[in-house]
């Protein structure tokens, strides 16, 4: 069984990371080189020369073709080899894999699996990253842990109270029960926690200007494996959305994570925070950026530390876990991921 | 077969290392968190939360209870979980292992194995560490080697002549034959070397003020796996103990090592040097401390270097050793340790 | 099957590296200690004490004998143990392996395999290193790669155009086809590339003073596993050697590589460049030395990077390579090395 679900779109990079320099990434254990052509088209090829396995990302762009830095094998944007040293004839089988790739609202998605199936699989909706009325920040962190530890982390936000105390966690997060809904057809896991009359954490206090008590909603929608969205709503205690679905007086955030397996023991954590309030306020942007970076780093530190523990227990008599109600979402996610893996 | 003898007391820490901060140690491959309660009682628990294996040593003391830093699972001093997030009911099976622990003369001992058997196993005598008429120094070093290399090292002091030349070694140590006695019932290995009219090494010359020639006795008692005592006697050449067992005019040291396996490839080396002379002389204390640190470091350096060699040979056609008379004690110790391991 | 061909001479060191200090080297996975006796004789012994496997290279020379730094086991130049601690009798089996070793023109060769066969195996000819009319430079680099990657590298010089552009590579090297001859009886692989009217690279331009166009010949003779010689000839375009075999007006270099496997994943790369022109010109010597160091470092960097890629693919479904005409020499070399390995 492949350790990584196949026939999936995964975020490979922020758009801003890919230019005329060659970028090397490992996605689901596969080495990939990414670049932009002279007409700004995106190219994603296997990052190994067919000849002697040298990384093409150490080569040179010759026009829009990619020339290996070791013996000069040269490939066009489709991965076809167009030139080899010492002879005119290029072997027909000289070709590297090319990946379907699309760019949406600042994220570059790559399709891992059978390229023929890419057109039939929807790219997740991330339009808040560049929609009018919204402002977004974001970056990517590398975690030295298997993807499942990041999935566990994000699906169970009770950890905010302890790991992110003083930033985004208050006692109510851990204390409030959650509801979990699994939609096998849509392929989603939803976890909701609605806190009423709660304490406002620093993260929201300084960005919204609101004060305790607040109503604070956390509505997670997770699409295994690679995409997670947290709809956060903050409002003065008792304030309700209008009947027409609008919600003036409340502040909303879309907190997005793209979870991209790198290797079996490392994961790329693309994160973004989009908001519909104070959208032009640079101070709020800067504050949220520094807060969110600190929060992500707290998760990175915790998961970097957890990986060798889990790996060591795996080599021994087995990992012993005890799950409780708050873990319903995480356990459902694990089951869906196992099913995805078993499909190939 | 467990790589580490079970149902044994091992030194986990110096008393002075354990306070209200959480201390993490690995003992015989088992992660342990140690702390002191508000009433100074010692607590030793498994250092893994039952929920998602996060180290409890990264958590927080809430009164005398230990709260996990990831999702807030909280344990009392017996290891019973008393609080979990998102629900009032705590699962009955939520409990981490608690280890028997005792404190004696400045060392904290932990019982590894079946806790029911702890009461029936004696804690080794180390009273010289804080007895009237004695002064002691000591510390702990971590060695990146399997415990057996440290056992070999300590049971065969002929290495003093070469590895510790200029500190504690003189030509007589390697040149003088030893006698070895094994007492299966007591579970001890004794190795003795009595040198007459020998050169005095720097270690004893500056601490006792004696000069060559001296009579120098080395009487080792080793109790596998974890405890080693060297009774050292230095006296002017020809000077004999009195008939009543007293020994005025001679200087005595108890050089103690607690050997605590950390992992299969690392070991904690707790060392102490107690003396019955110049007990109030701070200069002598400082001199011996710096000498003994240097000697321990020489052993650490040699064994750190030896471990990968032995490990590599193990993976190959096997380790080839040639043993001679001086190795009788070490070989006897190995046999006793194998018997201890086989008992479980 | 032994990973390293046996009954072969390998270069262990430059003569200048071996003096009265003990030198430790790993050759074909075997730890070796090298030193010179008081009469300048070379000694090569297994670098592990028979007693407890401590490296003898950390010991001390006592006259021409080697004393272990741990317990003092002492060996003579033949590897026979002549002294042990605590007893007069030295066990008859106490002996470490001694390696045949010869010194030729500045290189120290060691025979790995059955020492009885050493006399029947010729040491490769390297006389240009100290022959009249020639000047040589050289050094040794350690590469964190299996020897086969260095063999591949050296047998296919088309990489000069890309990896060593600006130093030794010009477009003609990659563009010009090669001829390959395999002589099973002599045990040689020859690869030749004769470029006519070619561009002169910096390496030759500044050292010979010639200008484009030149005739540039590369004639490789490789004797698997350990010895590679490149005969380089540079001459003004159209200039031919005289009928008598002499070749005035041309510049010649012997570029030697001794390839010595260290472990299965690391290799010692002894290199030397001998020339028959400007032999007394210190500026040319200095220039070639700095150029060749840079070129070797480019190879080291590339191969350090390639090793983990090849190792990872080996652990997976297998390494996929596509070979073309320029690889004939490298593939022939691989076959000869496999035959050498299978012979034992």
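Here the chain labels run A, B and C in written order, and each chain numbers its own residues starting at 1.
As a convention for this text, a residue touches a chain if its C-beta (ideal position, glycine included) is under 8 Å from a C-beta of that chain, and two chains touch if they have at least 3 such contacts.
In this text the structure is predicted, and so the values were computed from the model without any measurement.
Annotation, subunit A versus subunit B: rotation angle of 120 degrees from the Cα superposition, expressed as a multiple of 5.
Where the sister copies subunit A and subunit C meet, the same residue numbers recur on both sides for under half of the interface positions. The distance from the centre of subunit A to the centre of subunit C, each centre being the mean of the chain's C-alpha atoms, comes to 48 Å. Counting partner chains per residue, subunit C has no residue touching two or more of them.
Touching subunit A in their complex are the following residues of subunit C: 152, 156, 158-159, 161-163, 174-178, 302, 305-306, 309-310, 313, 319-326. Listing the residues of subunit A that touch subunit C in their complex gives 48, 50-55, 58, 67-72, 84-87, 91, 93-94.
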